[in-house]
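Order of writing sets the chain letters: A, B, C and D. Residues in each chain are counted from 1.
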Amino acid sequence: MSGEGRGEDREPEVTPELAQQHGLTREEYERAVDRLGRAPSYTELGILSVMWSEHCSYKSSRAHLKNLPTEGPHILVGPGENAGVVDLGSGVVAVFKMESHNHPSFVEPYQGAATGVGGILRDIFTMGARPIASLDSLRFGSPDHPRTRFLVDGVVAGIAGYGNSVGVPTVGGEIAFHPSYNGNILVNVFTLGIARREKIHRGAATGEGNPVLYVGSHTGRDGIHGASLLASSEFDAESESKRPTVQVGDPFTEKLLLEACLEVMKEPGLVVGIQDMGAAGLTCSTVEMAARGGSGMEIELDRVPLREEGMTPYEIMLSESQERMLLVATPQSEARVRQVFEKWDLQAEVVGRVVPGDRVRVRSGGRVVADMPAALLVDEAPRYRRPSERPKWQEEMERLQIESIPEPSDGTEALQALLASPNLGSRESIYQTYDHMVRTNTVVRPGSDAAVIRLKGTNQALSLAVDCNARYCFLDPEQGARLAVAEAARNLACSGAAPVGTTDCLNFGNPERPEIMWQFERAIAGIAGACSALEAPIVGGNVSFYNETEGRAIHPTPTIAMVGLLDDVGGAMAQWFQSEGDLIFLLGDPAGSLAASEYMALLHGREAGRPAAVDLDRERAVQDAVRRAIGSGLVESAHDCSDGGLAFALLECCISGPLGSVGAEIRLEPAGRLDALLFGEAPSRIIVSAPAENRARLEHVASAAGVPILPLGKVGGPRLTITVGSGAVVDLDAAEARDAWLRALPRLLKG
Amino acid sequence: MRFGIVIFPGSNCDHDVYHVAKHVLGQEAAFLWHKNVSFSGIDCIVLPGGFAHGDYLRGGAIARFSPIMKAIEAFAERGGLVFGICNGFQVLAEAGLLPGALVRNAGLRYVCRDVYVRSERQDTPYTSRIKQGTVLKIPIGHGEGCYFAPEAVLKQLEEKRQVVFRYCDAGGQVTTEANPNGSLRAIAGVCNERGNVLGMMPHPDRCAESLLGNDQGRRIFDSMIHSWQQIRRNRI
Amino acid sequence: MKARVYVTFKRGVLDPQGKTICTSLHRLGYREVTDVRMGKYLEVTLGGLPRQEAEQRLRSMCEKLLANTVIEEFRFEIQEE
Amino acid sequence: MKARVYVTFKRGVLDPQGKTICTSLHRLGYREVTDVRMGKYLEVTLGGLPRQEAEQRLRSMCEKLLANTVIEEFRFEIQEE
């Protein structure tokens, strides 16, 4: 039956060689042939190659992802569905996930980032939830790399262009620069939606005879996987028109799709199952829905709305055209479903049916062009335990003789260098291009440790943060991942929230290299440990491998996005000092380490040493303490003390407020090297400010939690001064510092 | 008072306005689908913010042809309150219900942040509770909010006092730095001659609750309610 | 037949995009460029109409939708193949 | 001299704006319109260069900045006055 149907004459014969060009190994190909009992058709080969690709099958990571904690009191739906679901009590559930769109964004930054946003939005509303907030986590090469500015401008504009237009606020994120991303940037986008508990939908196809509807944009040759480029070289005739084209996002259609889908899912009984057409479009959605529902499915390609002439079954099945969904209705609901989509000027076509059995059968021009067991493509996809080995360079990297680093006599200059640096300068110029207020839920706007969004109709609020220090992860993948989880949770705690769930985006190099696999395994171990200790189970996520150019991998970047809950939105806290005269305290141990620090990297060009280890019990205690202090109204600000160390965190408290800057007078006890004291980094440290009269109660909260609390000084005046022992080691004008800090990124990215 | 909030395909702030009208102000509110050719029992029409029809071609260019726009024109003719916020302002300008046009921000980027506007007159239904010269802090969120009109039109606007809000600094001074998008004469909001149709780029609907850190936008809605009550009293 | 529609800003309307492109061209070393004006270009395909009628129709499309005559002016060429 | 630069999406690349404009033209009653493609139009004024050189320079401007050659193609006409 190979290559029948539309364009059969042009479809090449399937050989082991062609299979290899499609990225299937000999073993994988033979396995498929055995299971099918015959050679696959050309269309089937295309389907196999995408479903068994790393991206869809997680063949290198599945075995390790099993180690992540995915259970918790709030968790309704864990990994496996389009997004995770967390119960917030009050009848409302939060649905969230993070996705990467790294490679497309490197090829075409604007469209790559835009379609990345579109994809994650669909993952959320396909569950029946209305998206209400997004975060973006970005990594670029060094600011002076010729391509960096172009990439930053394009990616940021793409996220803004799509997210703003659809009306989902981007309320936070992170962006960092490092040469390891020169040839491979990272664009990770997180979206959170909410729904009433009973309105949650699944991506399962059930009910024999139920109609399968295709809704949304027409299908073009967008983003058909590289393999088809190889294959298409055989049709020289139209090879030009057959070349896979870059996906262009259509946020307007996405918005219509969003509203129409939520409307049909609101009416009980209309929708049996629904799933977006993301990677591997029609293929992935049909196969996964059939597999999840334990049913068979028949698809009629002649019914698929096409945008271009003469598309082959292969192309139709593999197209990654955006803004499309697959939906299973019932014979009774079909008409009503169509009606709703018409209301929103969208096309809804019945393209198939749910059938008995377990096979996905694809027809075109009256002929069967693909007929395979869904299980073969999903559950029976290859799984690998790839060899892993600690890289040689690790030893080297971990060695750091601090003695060899000159100790500064004064911290002011260093602090000024840090505040104007690419990684520590203000991100305002970026998040101001994102609509972070639409939907009027944003209680704490971007610019603080975590964004806080209220849940209308309740007294609750959600807190969102995304974190990953890739330098830490490079120098010590397990510790680095643990630290990323700890920081995300700490960011939430500083807003007054307790974690309810976590999603991750694991960006790594080529998993076929043992060193990369080692980094991956260690990172998973770190995430697993920290997420269980901090009771922030993983509800879903994404793995992005092969982030390499010319065999040089990016820093391992396991991005962690965490969602926290505040039961009283009134208690939401921000990071900046509020009132002159407030006392400043440090919760936690002041000691920081220069190893792996931003200070060392920026001012001494050294990325070395092991990042300070996180004691998860201490971390928990510190977070509990700050939550309790916030909950009982004792503090006016709380800020996580991370990149740049104690001195930089204090500066942020002074200059990051929306209303301008305020100074502070800080006294520290001498302890070892000055730069370590000021700029050394360590987890489990939080700076709070409180009215003098709360001091005793605050100290009591700390000691009750078994957390050291250290008076640092007082808010007030125009300058930030830090005195160690008898000598002033930092003295700068807060307003000037704020200006320089705000101008840092725009200046660095000026062409 | 009963607010009618128009939903165009691509409207994003329809629910935000609804929330303010219903849950913050305790008034009645109803959504009006853009395909409706008529509506009734509405005291004030609000065209909300968003990206109607994706803002493809030009902001508001396609939305102005929605079936409901004829009814809205007639409603305005009869003196009904028609309030366009952000994208809604663009629609009203494209529809010719308000003078001028809104073009790409001078800085070329979309900007989302708080700005200050100065209220230029109190004798409109939208500012009846706001003394002339009052400075309000209100957020903007737009990429095409630069107000443009030919010089002659601008003169007329000033003569007829149709400029209702101007971008200014916290102290009420109109300066170039305080103008977020390059709008001519720092125009943030204009009304028609009669004063019953207002369009403004800043979002009062985003700052009508202290929970969001700012409730100054509420004063505009309060003014509308107050004026409407006046009118009704006079009728009786 | 196919029509090419050109929509450009009227004189006096500021064109920040054009300006920005001009300065970036200078930065890239194209000093010979003295001015850039940014506009829209639309290719409209229409089912066969007598040329004259087509022109009328196109003009009204432009006035109604494709151009905002407060700030823009338009021009079009019709070409049958 | 003046140059007119036309930047359009490559064939096969989705053109959301064109699509949307086309449907709204239909709604406005211009049923004869069968397709709309949206593009950019730039008027570039450059200081006198020999025509050939000008062409080279323009081509490289388009490739470097004016067009995004991953998804767009360009065309230009030079006209001296």
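Keep in mind that, in the parts below, a residue touches a chain if its C-beta (ideal position, glycine included) is under 8 Å from a C-beta of that chain, and two chains touch if they have at least 3 such contacts.
Small disclaimer: the values here were computed from a predicted structure and weren't measured.
K.L.:
Chains in contact with chain A and with chain B: which ones?
P.N.:
Touching chain A as well as chain B, we find D.
K.L.:
Return the chain pair with more inter-chain C-beta contacts, choosing between B-D and A-D.
P.N.:
By the number of C-beta pairs in contact, the winner is A-D.
K.L.:
Could you work out how far the Cα centre of chain A sits from that of chain C, in whole Å?
P.N.:
Using C-alpha averages as centres, the distance is 41 Å.
K.L.:
Could you tell me the distance, in whole angstrom, between the mean C-alpha positions of chain A and chain D?
P.N.:
A distance of 36 Å separates the two centres.
K.L.:
Measuring from the mean C-alpha position of chain B to the mean C-alpha position of chain C, what distance in angstrom results?
P.N.:
30
K.L.:
Among the residues of chain A, which ones contact at least 2 other chains?
P.N.:
250, 252-253, 345
K.L.:
Could you tell me which residues belong to chain C and also touch two or more other chains?
P.N.:
24, 65-66
K.L.:
Residue numbers in chain B touching 2 or more other chains?
P.N.:
53-54, 56-57, 62, 65
K.L.:
Kindly provide every pair of chains that touch.
P.N.:
So, checking each combination of chains, I get A-B, A-D, B-C, B-D, C-D as the touching pairs.
K.L.:
So in the complex, the part of chain D that touches chain C is made up of which residues?
P.N.:
Against chain C, the touching part of chain D is residues 6-8, 18, 21, 24-25, 28, 30, 32-47, 49, 54, 57, 61, 64-66.
K.L.:
Flag every residue of chain A that touches chain D in the complex, lowest number first.
P.N.:
Of all residues in chain A, those touching chain D are 107-108, 110-111, 217, 220-222, 241, 243, 245-250, 252-253, 307-308, 321-322, 345.
K.L.:
Considering the complex alone, what residue numbers of chain B touch chain C?
P.N.:
Within the complex, chain B contacts chain C at residues 57-58, 61-62, 65, 94, 100-101, 103-108, 146, 148-151, 182.
K.L.:
Please output the residues of chain B touching chain A within their complex, sorted ascending.
P.N.:
Chain B residues touching chain A: 9-10, 12-13, 15-16, 19-20, 23, 49-51, 53-56, 109-114, 139, 141, 143, 203, 205-206, 209, 211-213.
K.L.:
Which residues of chain C touch chain B in the complex?
P.N.:
Residues of chain C touching chain B: 12-14, 16-17, 20, 65-66, 68, 70-71.
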